[in-house]
Every structure is written in C-alpha cells, then in structure tokens.
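Beneath this line is the structure, given in structure tokens, with notes to follow.
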Amino acid sequence: METTHSLSFFLTLPLFGMVLALLVPKGVQRIYSIFASILFFALTLYEASGILFAGSARLAESLVVEHHLAWLPEIGVRLSLRLDSISAWFVLLNSLVAVIAFSAKGVWYRKYPRLFSALGFFLVFALNAAFMSTDLVVFYLAYEAVFIPMILMVGIWGENQKATAVFRFFLMSFLGSIMMLVSIFYLISIQMKSASGVSPHVADLATTVKGLQGSEAMWVFMGFFLAFAIKVPLVPFHSWLKDVYTFAPMPATIWMSAMLSKLGVIGMIRFVEPIFAGVLPQIQGLLMTLAAISVVYAAMLALKSDRPKSLLAYSSISHLGFVMLGVFTLQGQGNSSAVLLSVGHTLTSALLFFLLHKVEEGQEQLDLSSPHGLASDHPILFTSLFIAVLASVSLPGTINFAGEFLVLLHSYPVSVLCTGIAGLGVVLGAAYMLKFYQQMGFGSLSMGNSDETAKTRDLGGYELVLVFWLLAAVIFCGFQTSIFLKGN
Amino acid sequence: MSLEIQSLGPWLFLACGILGTLLVSVVRPSTKRPAQISALLTLLGTAILAVRGLGSDSLVAMSGTFEISQLTHGFLAAVCGLGILFILGTGHYLTRERIHLSDYYHLLLVLILGASILVASKHLVVTFIALEVMSLAAYTLAGFRRNDSRSNEAAIKYFILGGAMAAVYLLGVSFVFGATGSMQLGAIYEWSKSSSSGHDLFRFGHLMLVLSFLFKVAAAPLHFWKPDVYEGAPTPVTGIMASVITSAAFLTLIRLVHLVDFGASDWVSHGDLMKGVLRVSAAASLIVGSMIMITQKNLKRMLAYSSITHSGYLLLGALGTFSPALEISSMLIYLGGYAVMSTGVFVLLTVSCAQADTGVELIDLTGLMKRAPFLTLLWIVFLLSMAGMPFTVGFFTKYFVFIASLGSNEVGLVILAAICTVVGAYAYLRPIALMTMRDAAPGASDWRPTLGSQMVVVTAAAAVLVLGIAPNPVIHFLKGISLIH
Amino acid sequence: MLAISAMLTAYYMTRLYLLVFFGESRLSQKEKAHLHESPWIMTLPLGILGIASLAGGWFGAPVALEHGHETGALNVSEGVIMGVSVLIALAGAFVAHRKYSGTIQGESPRDPFKVDAFYLSFFGKGTRRVSAFFGRVIEDGFFGRMMQFSGAAVDLGGNLLRTLQTGSAQGYLLMMVLAVAALMCWVFLGVH
C-alpha cells in the first residue's frame, strides 16, 4: 500500500470542471459538459483499471492506494482517501453516470445552463470524496455536501409540484444525517477523554465502540442506521423518494437513483459493518427482514403506478432492497455480491431513466393506464429499452441477474424466509417492468393520445453510441463476473 | 502603575476616541462625515493596539477589577473590526432612512467600549457599569429612527425590560456581597474555596446574576424582548446587537456562572443546580426559537428567533464548560462564527429597499436569482451557514459545541438540539427556495447594493467559507485562550 | 403419462396443420389480398431447421436397431419402444384427421380444469388488490399522513408558542417575573 498523491486528482478535476463550466459560453454548455465528463471517465478508468481488473484478490489488495492529507490537526481530522476494490467501482460509476446525466437534453440547458453544469460537477466532486474517504468526519461532510446541488437542481429545473417534494426529501434525509452526526460526535467526545486522542478512522472508532457499555453501542448504531436507511432507502423510510424522482429533472433523477442511494450502501459497508461488528449480529434478522420487505413492498407499489417515472422510482427501491439484503448478510462475500448488484442497478437505472427521457422528450409524462404504441415508429429506441428492461428484470446474462443470484445465494444460509420473500420480488419485477414496456411500446397509435408523443424521436448519433456501450457493459458484466468476485 | 496604564492603552485610546468624536460632532453638527471618519480612525487605532497587546502576558489591573489578557485583547480587536465593517457597510442605509447623524457614531463607539469593558471586568460593580454603558447606548440606538413607531417601541421595551433585569442583577450583587464580603470575582472564588457559611445567601444571589445575563442573551424564558426589539431597531443596530452584545453578554455569563469552584465538595450540588438552570434555558431556547422561526414572514423577526436558537446552542456550549473546567474554546468558536454570519446577514438586509413600515419580508426575496444572482449567492452562503451545512463556518461551530456538551454527558439535550437543527433547516431553506425556485412576486422590493455594503458582505461571506474549509489556524488560536479566575 | 402426452401432442399438431393449411379460409377479402409466400430470408433458416430436425431423429436409430440393447424397466428392446411411440403418434394424428379434415366442428374446451381462471383471479387480481391496499392504505394513508402530521405538528407548535409573544411590554415583564419565580422555587425547593 503506497501513499501517493494521485488520489486527489479524483477530487480536483471535478472542481476544475465546475469552475470551467461557469466560464464556458451558454450555447456550448451541453457539449462542454459531455466532453469534460467523458474525459474524466476515461481518466478514471485508466487510474482505476489496475484495481478493478486485477486478476486476483491478492493483486487487487496490493494495488490499493491510500492518501492522507492533514486537514484539521486540532481536531484530529485528516483528509484520508482510499481507493480499493469497492470504492474504485463507485468512483468509476460516478464518472460514468455524470456522462449519462449530462447527455440528457432538456430545459436545464436553456435556463441557467452554467449553473446546472457547475452543480453537476460539484456533485461529482462530493460523491467522489464520500466514496473514497475513510475518515468519518470527512465522509459526513461530503455526504451532507451532496444535498446542496441536489436541492438546487430539483428546485430550479424540476416540474411543477416540486416544492413539497424537495422539502420532504431534504428534511427527511437531513434528520437522518443529523442523527448520524450526533452519533459521530458522541464517539468523538469519548475519544477525546481517552489517552489516544481523537481519530475518526474506522479502526480507532471500532475500538471506541468496543469500549461502550451495554446498549449504548446499539443507540449509537441507531444514529448511523437511521441516516443510511433513509438514504438508500429501506422501506419504512422511503416516503420521500417517489415524489422527488417524479418531479425532478431527469439528470437529477439519474443522479439520485444511480449514485445517491449508493452512499447509503457504502456507508454501511465501509463504516457501519467494521465499527459496529459486535452490535450488528444481534439485529441481523430484523435488518434482513426490512430489506426483504423493501423488495416486495416497493414492487407492489410499482405494479399500481401509472406514471413511468414513479414506476421506475419504486423499482429502484425494490432493487436496492436486494442490495441491502446482500449487505446485511454481514460477510465479505455478501458485500461483494451487494457491490456487484449495485453496479448493475446503477447501470440499468441510469439507462432506463435516460431512455425514458428520450421517449418523453420534454413532453408531459406518459400515462401508463393506456397503451401508447410507440415502438413501431422508434425501433432502435424501443429495442434498447427492451434490453434495459430485461436487464432490470434480471434476465440471466445480465449483470443484475448475477448480482441478485449471488445475493440470494449468500442470504439463504442466514435466513431462508427473507430469501424467499426477496425472490418473490423478482417475479413482481417482471410483472411491472413488462407492463411498463408494453404500455409504452405496443397497442396501436390511435389508442393512445398521439399528440403527447409527437415529438419523440428515435435514438441516433451520439446517444445511440452511448446507449450501445452501456448495454454492452450490462451484458458483458453479466457474463464476466470474475472482475467483481476475485478468487485468490 | 505605569505598566498598567500602558496595558490599558487600547481601552484608553477608545475612550479618547469617543471624546474626540463627540467633539467633532459638536463642532461640525451639520455634516456626519467628520464623525464617521473619526469613529473609523478610533476603531482602527484601537484594533491595532489590541492586536499588538495580544502577545503580552496577562495581568489583572486596577486593583483586581480589570483583566488584561489574550481574551480581552482579542475581544476588543474583534469587536472593533465588526464596528468598522458595520460603519463601512451600512452608511447608505442610514442616509436612505435619513438618520445619518453624528450621534450615531458616537453611540456606536460607546457601545463598543461598554462591551469590551464588560468582558474584561472582574468586579461585579464594574460589570454593572459596563453593562449599563453598553445597554444605554443600545437602547438609544434601537430607537434611532425617531419617526418610526416600531423603533420607538423597540427602544422603550428594551429599556424597560433591561432596567428590570438590571435591578435583578443588583439584587444579586447585594446578596453575593452579603454572603462573601467582596464583590471582586477573584476574592469570591477564594471565598468559595474556604468558606463554610452563607452558602444559601450566596446561591440566591448567584442565581440572580446568572438570570440577568440570561435575559441579556435572550435565552428562553427571558427572550420576549428580542423579536420586537430586533424588528423595530434600524437594521445596522440590530446587526450590532446580534454580534457585539451577544458575544459580550455570553462571555460575561460564563464568567458569572463559574464564580465558584464547582469541583469542591461543598459546591457540587450548586454546580448541578446551575447546570439544571442552563439546561432548562437551553432546551426552551432551542424549542421556542426554532419552532417560531418557521412561522415568521418578516426577515428581521425570523433572524431574531434564529438568534434565540443560537443562544440555545451557545448555552449548550456553556454546559460544556463544566468539564474539563472552563474550556471555553467551543463557545469562542461559536461566537466568532456567529458574529461573522450575523454581520454578513444584517448588512445584506440593509441592501433591500423595502418600505420602512413593513420591513424586509420573505416576499422581497422571491425571484432574487433572476434579479440579482450575486446577492442570491451571498444569501445562500449565510443561510446555509446558519443551518450548519458543510463547507461553512456554521458546521464547525456546531461541531465544537455539540462535542463539548457531549463531553459533559448532555446527551438528551444534544439530541433535542439536533432535532431543532432540522426544524431550523426548514426555516433557512424556505428563503433559498423562494430566491431560486420562484419568480418575483408583484410586491417584491428592489435590492440595490452599494460599494460599501457589497465589500462588507463579500468579506463576511468569504470569511464564512474560508473558516468552513480551513479553520485550523483560527481554532488553534482560540484553543489557546482561557478564562482566568 | 408421457405416452398420453405424446398422443395429445400428435393430436393437436395434426389439428393445427389441418386447420391452418386446409379447410375453409376465415380471412376477409382485404386480408386475402395481403397473403404471400414468406421471403427467402425466412424460408431458408426454416428449411435448414426442418432438415436438421429430421436428421436428428435418425441419429440414434441405426445404432439402437443394430445392437438391440435391453432397456430399463420393461425389459423390451429399443426397436419395440420406437415402434410403440410411432404407433401412439399415428393414433393421435388419425383421430385429429377424422375430426378436422373438412369443416371445423366444435372447439375443444378452452379451460377444462379452470386452471387459468384460478390463476388469474388468485395471483393476478390478488396481487393487484394487495398492491392497491399497500398503495392506498399504507403508503398514502399511513406514511403520507405521518408526513403531513409531523409538518402540521411543528407548524401548530410554532403558532401556539407565537401567541405568547403578545407585544405588550407589561405582558413580557409578567412572564419573565413568573419564570424567574418558578426557577427560584425549583432551585430552592428541589435541592438541599
């Protein structure tokens, strides 16, 4: 493990992109953003490819890079970044999702385009900081910092009923994060009284938690759990999601679905599991049940959705329930399968939202209770959408299948019941996704309202290339899962 | 003796400056410019002297009544700096409201002098004198808009209620004197270590002292004056009250709370009592401040309730000064951050051309992003800082205060504070939403920044961001400051 | 069991063949005008598949017939099994031919054991009802109301507390004095 300075490039480049976005003239904003984000993706791929595509786990371990920068010595906080096999995936996905989000055309490139691109790059910066940090205070700061661009994006460019949605999203998530902050402060205040001083790093915090008496550790864990359960989200805490996704501008929805939810996942894997290793087994059953319930409950709600964006929003919750099921197995292999499924979920949901955006193309949202018959006029678009739908349904050969299969495989020994319930979710997933596809694509044009969709155009040019490579990645990763699960 | 006079240099310079400004305003009453310049020069000179005094050793001058130390020098320099910012930034407001008189500068200097002596005082009577000097200047300044009924109302309310609590303070002094035989803080501390009788009498008096200063910082349930006074006073005066008076009053409050050594076995129960009073007050301030804040439409009133909430957080920090004893760095950081935020916000408020009788309301902020994008950015910086968002100084202020109070085992109160933070965040988010997500409503007033106000607000915003990203040197400096008995 | 399904398979395949390609046409004039032979790009793969199907059927046969292995349960040679299954298939085809060549007479019952109906009502409608329940009662009813409730509660609390701020200085003074007195009582009656 070397200590080099190359990791700061993941943070400084997006900031640089943000500054440039404010200077670039309005007309070329979309081209600039796409170009800059593709460039960043290429560089990220180059830097991270060593770890990501290493042949064995041992080789990957040896390539892990850590980077410590003294930031606030007075309070023991260091800017500690770590690129290992988990964070490398999320960092890579972060840059890829930026490409997808910036590629969506819409009102955000006509009204305050500079602000939009700048917010997007800032978001990429904050997400990278959160995914890579191993210092809990830095993680918290990055985690909170993600709110600001998100709220502004939804609020400024969203659709009409966005205000309630934004407030609900912000206040619920903020409540969770504040409770996590209280837990962090509690641990730090205990560390302050001890001889070794304050050190918000995973290993030291784990030691602190071991020293806590009785149910104190459980309460401190609750603070963290509340924050991540709201973020991912897990079912009792999901109420904020549907409205925000529905009324947000599409790039914001793509970012929220693809990346923000993963903040909760990485928080659990990187911080909660090591620090609260003693507490978690006591409530593992409850956690797994919550995850399984999420899968089925959200799928049920997706079934009755009649707006495509709401349907995809609930579908997102359902798949994330699967991811958390993998995380809550509390084993390394369970975590790896959860990461695999996260990657799959990111790719497929970004694809689905992007393609949906292409179908709706800035018009009113389609109503799924009547068919729209768009497929015959837009064959390439709907073929791509079909492959994306199949991926979302976890057809074998796609990355989602590999992820879900492995998650179920690892959760079976822990709880057969939860595995069964979650498996039910796969069936329901097929039901609502196929309904989604059928209503949008088939039936004759005269059955639906053709005025609604008059402006829809088929995929062409750059967008076609982008979608093609994404679909290829989805299928490739479905077969080549060895890049995720390395043997020794 | 000569050493003492030298050490008192900054304060003496300020006092001379006050006389000078008064003289100038008498000699040339028609124009305010000479008084303004005189005030600026005085403040600048005092600040320089104070900063130069930072390196020297501490001593307690004037037969033990006046502390000259890092804390007092630093406070004087800071308050002078704030004064300079206010003078530079709000001249245009005073001109527009037609209250730009030389008396204003004179009173401002008096207020600053009073505040700085208040913090430095180690004798109960000197504290009273300084308190009254500061408060009388504040009462007058609050009523400076003579033709505005709200301003008159603010001044009279402040005066009456302040006078009542001053009487409570004096009652406390008399009881403490009766119990200990001295009014000098150091002597009282010594008494507490060795005495065996008169404790009940002392406790009663002590509580009176603390309550009178809880009034001054507007901690619930003694907060009723704040919304009306903040709303009625001219905006720059409100800003000064928020930053200067709050800081001075809190530092004095800490001094008065720690009159005795709570470690000694006799006084442990009294310490618990004191903590109980502070706890009740903190909880009430947090709840009252944040809950009422979300119902307000008038910005100055909303900021008044916000400052009541901040008093709640500061009391949380005060609870943190009990263990380890007298670790006041968390309060200093919070006060410093809060002063910077308030200065920026209130100077920013003066930029609005709202009608004087309704004041600046939320409606005036609607659609500001389209009308004045740079101002919107500045507003967002301050609002996010007040909410405690990362990369602003507001986050670190809450950081230290929460950790200090958790160190004193105030877990329940911290959780309450966290919930109130969320409620408050809603109140701070609403203006941001109005500015960025709505179009300008028909009645919205204009915002016309001038050079002076923009410079000041940009400085404050830059300070908020810089302290939010790289606060380390400041933290290091503030941790070195301690309160001497 | 398998033998029965083989017979049924032959039956319905013959029926399909006869109904589709022979017998009376049910098409309208307009549709008849559109009928055409499929293009070579469809016919060629079909042809290849057809030949392959035939060939595949012949793969094992010569070997089995030559060696005459004894097979499993029934102690009968493979040749006999092949013969029996061909006979079963021919029987099924014969029955269909009798029924369907010429005109269409009666239809086979659509859902004889009501499996489809049961499936649709239990799983299909059942799922829809459960998801409607989740949507209306739990999602909107419970979670939605909880959100509104918490927002309304804070609002209500704020407005209630606001009423204390009466605007009258005497009122404030009274409340302050009461608060001080209350704190005093608490201090001196509670401790010591």
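In this document, chain identifiers A, B and C correspond to the written order of the chains, with residue numbering beginning at 1 in each.
Just so it is clear, a residue touches a chain if its C-beta (ideal position, glycine included) is under 8 Å from a C-beta of that chain, and two chains touch if they have at least 3 such contacts.
Source: prediction; values computed, not measured.
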Pair with more cross-chain C-beta pairs in contact, given A-C and B-C: B-C
Geometric centre: closest chain by C-alpha means: A
Centre-of-Cα separation between subunit B and subunit A, whole angstrom: 44
Separation of subunit A from subunit C, taking each centre as the mean of its C-alpha atoms, in whole Å: 29
Whole-Å gap between the CA centroids of subunit B and subunit C: 68
Contacts with two or more other chains, residues of subunit B listed in rising order: 426
Partner subunit A, residues of subunit B touching it in the complex: 369, 384, 389-391, 395, 399, 402-403, 406-407, 411, 414-415, 418-419, 421-422, 425-426, 429, 432-433, 436-437, 470-472, 475-476, 479
Parts of subunit B lying in touch with subunit C, wherever the complex brings them together: 156-157, 160-161, 164-165, 168, 200, 203-204, 207, 211, 215, 221-222, 224-225, 227-228, 269, 272-273, 276-277, 280, 287-288, 291-295, 423, 426
Complex contact set, residues of subunit A against subunit B: 71-75, 112, 140-142, 144-145, 147-148, 151-152, 155-156, 162-163, 166-167, 170-171, 174-175, 178-179, 181-182, 185-186, 188-189, 192-193
Subunit A - residues contacting subunit C, complex: 168, 236, 239, 297, 300-301, 303-304, 428, 431
Complex interface listing, subunit C residues touching subunit B: 154-155, 157-159, 161-162, 164-165, 167, 169, 171-173, 175-176, 179-180, 183-184, 186-188, 191-192
